[in-house]
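Going by the order they are written in, the chains are A, B, C and D; count residues from 1 in each one.
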Amino acid sequence: MKHHQYAVTPPMGWNSWDCYGATVREEEVQGNADYMAEHLKPFGWEYIVVDIQWSESGAISSAYRPFVPLEMDEYSRLIPAENRFPSAKNNQGFKPLADYVHQLGLKFGIHIMRGIPRQAVHQNTKILGTEKRARDIAKPNSICPWNTDMYGVDHRKEGAQEYYDSLFQLYADWGVDFIKVDDIADSKLYGIHAEEIKMIRKAIDKCGRPMVLSLSPGPATLEYASFLEENANMWRMTDDFWDIWDLLYDMFERCYKWSKNIGPGFWPDADMLPLGHIGIRSVDGGASDRYTRFTKEEQVTMMTLWSIFRSPLMFGGELRDNDDWTLSLLTNQEVLEVHRNGCGARQVYRDNDRVVWSSFGDEQTVYVALFNIADQQQTIEVTINDLGITNNQVELRDVWEQQDVGTITESITYDLAPHASKLLKITDANIKNCHKVTRLNL
Amino acid sequence: MKHHQYAVTPPMGWNSWDCYGATVREEEVQGNADYMAEHLKPFGWEYIVVDIQWSESGAISSAYRPFVPLEMDEYSRLIPAENRFPSAKNNQGFKPLADYVHQLGLKFGIHIMRGIPRQAVHQNTKILGTEKRARDIAKPNSICPWNTDMYGVDHRKEGAQEYYDSLFQLYADWGVDFIKVDDIADSKLYGIHAEEIKMIRKAIDKCGRPMVLSLSPGPATLEYASFLEENANMWRMTDDFWDIWDLLYDMFERCYKWSKNIGPGFWPDADMLPLGHIGIRSVDGGASDRYTRFTKEEQVTMMTLWSIFRSPLMFGGELRDNDDWTLSLLTNQEVLEVHRNGCGARQVYRDNDRVVWSSFGDEQTVYVALFNIADQQQTIEVTINDLGITNNQVELRDVWEQQDVGTITESITYDLAPHASKLLKITDANIKNCHKVTRLNL
Amino acid sequence: MKHHQYAVTPPMGWNSWDCYGATVREEEVQGNADYMAEHLKPFGWEYIVVDIQWSESGAISSAYRPFVPLEMDEYSRLIPAENRFPSAKNNQGFKPLADYVHQLGLKFGIHIMRGIPRQAVHQNTKILGTEKRARDIAKPNSICPWNTDMYGVDHRKEGAQEYYDSLFQLYADWGVDFIKVDDIADSKLYGIHAEEIKMIRKAIDKCGRPMVLSLSPGPATLEYASFLEENANMWRMTDDFWDIWDLLYDMFERCYKWSKNIGPGFWPDADMLPLGHIGIRSVDGGASDRYTRFTKEEQVTMMTLWSIFRSPLMFGGELRDNDDWTLSLLTNQEVLEVHRNGCGARQVYRDNDRVVWSSFGDEQTVYVALFNIADQQQTIEVTINDLGITNNQVELRDVWEQQDVGTITESITYDLAPHASKLLKITDANIKNCHKVTRLNL
Amino acid sequence: MKHHQYAVTPPMGWNSWDCYGATVREEEVQGNADYMAEHLKPFGWEYIVVDIQWSESGAISSAYRPFVPLEMDEYSRLIPAENRFPSAKNNQGFKPLADYVHQLGLKFGIHIMRGIPRQAVHQNTKILGTEKRARDIAKPNSICPWNTDMYGVDHRKEGAQEYYDSLFQLYADWGVDFIKVDDIADSKLYGIHAEEIKMIRKAIDKCGRPMVLSLSPGPATLEYASFLEENANMWRMTDDFWDIWDLLYDMFERCYKWSKNIGPGFWPDADMLPLGHIGIRSVDGGASDRYTRFTKEEQVTMMTLWSIFRSPLMFGGELRDNDDWTLSLLTNQEVLEVHRNGCGARQVYRDNDRVVWSSFGDEQTVYVALFNIADQQQTIEVTINDLGITNNQVELRDVWEQQDVGTITESITYDLAPHASKLLKITDANIKNCHKVTRLNL
């Protein structure tokens, strides 16, 4: 797939949702972009994503205000609320903000809801590039159950593809590099909206600008794994993820299920990282303004799983409020190497709450992650043979600590605290015969 | 996975079900083995599989006789009915028949139902290698809804793994190379029986003999794609497949869904080929003794889909009754090359009832299959670019006809009769950048 | 329940849906009312019901026009489209038409969709009797999947009950006697909307005018039988019923299931009678302008089942186009006596496609209906004893023919053509001990 | 229905399950019968029911022992285990024990599982009155998921009705008055087994002895309300009920749903009363040997709901261990009058956790039950008008206390402790017009 080239490694960035809910403002976006450019860019972080509801001038938290008017252009397309995004004045849309982000050497992303604004449909406004109007293409029985902004678009209607084309033409003009489409991968009322995904895929392919396509919310179903791979770059494996251990615990099973459907350009998504200062203007996830409720062990466990699995990494907190610990989670070169270079990630075994994953690095490198997801201390062990290594002994390195552990024979064993994990690297491995599955990049 | 090495290309063979239902006899197995050795072995066909109910002396068709006694050894293990398999006398089991098959240069397979015989449980017979008995390991709420032979085995019970170990030790002693386990991948009452699959995996790994593991019936769910790949060699994508167009039509969607989960050693299975003389002593599939009801176009379409998708190929008819046409379907070297050598098979596009698939062969080779699955003639077209080829023009060859078509520029176009297909080969393709997904063979 | 007094016998009337879909006009309503007053009133027919979409000026068939503007007053209440109901001008609403119907000695009914107009919500219009506005009470995730007019109303919101109160106050002012609320008994997306039914019940109880409450569509679930009885007068047992044998065949099972939950004031509803000239401006039910597709036998069977079961009888055709046959179905005094006076209706037995029902009349009267719902002729028999009669012999009368049959001993037997039925009456029955179930009319 | 005459008031009795699980012994049955004859008979208690597994000689608790042999006669019929029921020796079955119970002036009941013993099927034993054998009538795909004793019986098979006939002939010979059939009203794997219920109905009707038919477990679905009424005397509204508040809390909703389907002879069943000394040899319900975990308030609330709703009353504890309090719950004449004489029971209203029920007694009598099912004290009020009474003032009596409260005007109001209730009686009520629903007793 051509679009796989837009994200040959899993996207890394910042998203406004976990900290600002539906309310983020331009200066906050800029501030986080500045921070990323200064502190994170050298480590591969690049996307700055404005999440939901940027057309609503009066948004006050993560709780939506039903049916309120949204800023919209004459062609039924939502545009940024100027009181929140002052640079959008004079019909400039997100172009100035995208420019700002670009000049920092970063990329710019936005969130949209699938469909066409309900207000456009009730006003029957125009659609660019067709004589048809909003009412002609809206799909009456297609709403989002948790947000009142949009109706779905009926792919069988003339004007439907034109509408999506006009949206992505606008986003291309603005300079959007990343698009997160919501209410589409697992719409709670109707399941997946495959036909709208196809229209969006076509519209991006036609718009002339590479854009990473991210689909929300989850859980997407494996029954659509082929379809998702062929149409998107990332899709959520879960409903919204927050700083709650049970959600992190469940992610191990989700990652296992999706582990055979990952590859360059298509990334099952474990959702944003609710780290650092979050909930500033959000009441989602059962809490409001706070530092992450995850313990340090849990934070490391999350980062380790996301890294070896190669989930996209989208930081959810207010970057400027990061403490040293939080920053250190995002800037460990050896951990990020696992995320960036690993391939063939697999769950080596799971024995109740003992979990071991591994992936391959360059040449003779094998990455290994040991997880204790029990509520009590446990010993986690894996044999070198189980990792597909034929040597009798190997050299082991602690990835988070960036320190050599020493020579290991036969097996690797660690006592781990509850919810803790260990990320390791073997660099002198003789690896058994592998097979390669070829996937075409069109 | 080590077991992936047992089936690095999709298994090819003969299975007794479509022609003889639950009733096949030794001389019929031998006869089909003889035929295979003479006519098919050079083309890669190698498995001779005795399907269900070989322990029942009085089986008369594909309709099961509920609750009838089965032949069983002292350790609760079913053994061949001697009246049907005379060589099994003196406790020799299937060893003599397996030897017969082996000396022909072929491999021998059998069907089993998951679980332990109900008669063993009610008689509380012994289990080899444990003090526990049949009643101790049976899972009371675990039956097959369509066959009364077995209870499921409860993996939490001491003696459970020992039972499966004892089964596979017996099969290894017999010389079994292929095992089809039934009522397990999609049990109609309970879904998949994952824990019994794990016990079987372990038992095979311990038995000291490579055996291909095939799981039935389907449809297996994609949610278990990772699990199935890690534990089996093939699993059914469908419920029983018969010579009915609607079932073949549906297979295109099933193949599409599973197309990202195929690789050396793990093969989603489109089920047996109901070709030639079938239903001889079977009343399944809505008909009895007959030649296949598929038209010639449909037969070619089936073989083409199975080949490019790389489904296992298990012939269902009485081989000795093959006419020339049927034999030709099984012995086309160039078609079988697609089946044997293809990789990265994918549905290039589907536009209603126009379907195009492709896969890669060695070097600069691309295979292309065009399908018209409509009930009227249609033109099917695919551009060279859509196939991932960068040349302006390529040389095309008709695979079934084994004839060069000539030079093609830009796109390939065929008018196809209803239900017909075309299998093509391009040998001078410059292929766009591909990525490789690495999977470890342990 | 007090409201049970509004319909102590099952309602009988005419409804515009089957003939005019969403488009009926005032003169057509008047014309059918005139006909009813002249030809049907003496037989107990009394309701004239204007079905869906009377606020839409441009309605053209039974197919809805999504999102088109509707006529609405300043308080978010839909009012009749003046071009279709000229007497509604000057804010008179349906009062003049109701007056017209009333002066004929008949009663007037209207259809509404549950909820508040989407256009009111998007315009945030006022609600009578509260400071709250449309947007405050709409339930965002509550639409009808087949019609775009309304959002559901959230009973937890201040102003919600006031809205429904204001609706029914308006209807009371107009003189409405019968209200059919749609998208409420079995909303296809959400099941039953129990909380909105409760609000409507309260609003009617407060409005000062008796109104029969009819809930659509079905199938309502038996799990809500108590609730429906306590809140409504009739509720649909089925999705829309049309002149299709399979739908009529299914009704026997539906009637059986609901047969213990019928009583004075609460009537499970088998839906309208698609008889005579229907589909005039409707494309529903798989056909358009036509005479009913039911055969005469089927028409009698339908009328017999509806009568002995005591379903409401709402004629769906253009009354003025009735032929003698159709009129005769509606004006058979003895059949209507079964409908009006029967009690304790029950399925005596069902033996595949032989079905017998009975009910009790006054004193020593027993009604019996024999149905042959097979596609071939069958003999249907029932013993006198099975009917709860202790006499050795009884006098039998053919109800449709209004002729005495003679003395019967032991059992009643008829050969019936496919889809045919027989409705009989026994007037000298000694009936076995019955018990009475008391239900309070509040 | 003729069988309705066998239980014109809701059955009252003792059942061995709650105290002895699957293990009750003859002397325990006799001891409880003796106690009932002495202490409870005058109050209407009459059934002594031996619950599950009386054919199993080695039963040790409420946990079943899978696949163990059961005592069975030559005709595939289970008979009592002699070590547990010594009087059953010499093929006397339960006749001596039934005689014992009968001579005390009480009635005798037993529990059975639907179907035919699996051991009979595997041994293919005879069936009385037919040449067919066990294997011929067993339904292979019909097991109980929680007990391994039986296969279902296939009503389409010759010999099936004969088998059930032979069972009930045996029970009639023994003198059985009450039969509780299990795994039939809501089989957890297959839903309701309607066809086996019909066979049992027929077998009872033919056996020549009146027997009350009780169906377990629940929840039975309202969709089968008509069917259940026509075929049984009582059926469970719930899965097993134990001394757990949440289960009691849920019963209010269940009773509400079923409240329109109660009448002389057909009694939706809220299950046994887990009062007094229970769990003696049972580990069901999350606890073992104990006095009921219900508080006194909860016990009164349970008895009040069961009484006004008219559920069958089957005491579950070891009667001989009753303390005065427990005995007092069973012997309050005025409470039992509500249970015996009430009719037209209905939930007057439910406002969150305030619940009011009422029913009618003889003449001018109205029973009222006020329930506070919240976890904090609440005031519960009901107006006289809501009870259907036209007087301005009435005389009120406390039923549990058997004391007059005094004159009440307009409404009845009580402050009630958490989980507490009040049962009241009005004897001078002028009751509004009621309607009667007639149901025939055949």
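Heads up, the rule we're going with is that a contact is a pair of C-beta atoms (placed from the backbone, for glycine too) under 8 Å apart; a residue touches a chain by one contact, two chains touch by 3 or more.
If you're wondering where the values come from, they're calculated on a predicted model, not measured in any experiment.
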{"item": "Steps needed, at fewest, to go from chain A to chain C via touching chains", "value": "1"}
{"item": "Chain at maximum distance from chain C, centres defined as averaged CA atoms", "value": "B"}
{"item": "Between chain A and chain B, centroid-to-centroid distance (C-alpha), Å", "value": "38"}
{"item": "CA centroid of chain A to CA centroid of chain D, Å", "value": "56"}
{"item": "Contact graph of the chains (line, ring, star, complete, other)", "value": "ring"}
{"item": "Chain-to-chain touches, reported pairwise for every pair that qualifies", "value": "A-B, A-C, B-D, C-D"}
{"item": "Touching residues (chain side chain C, partner chain D) in the complex", "value": "4, 221-227, 229, 256-261, 263-265, 343-344, 346-347, 360, 385-386, 388, 431-442"}
{"item": "Touching residues on chain C, where the partner in the complex is chain A", "value": "66-68, 118-119, 121-122, 124, 135, 138, 140-141, 143-148, 189"}
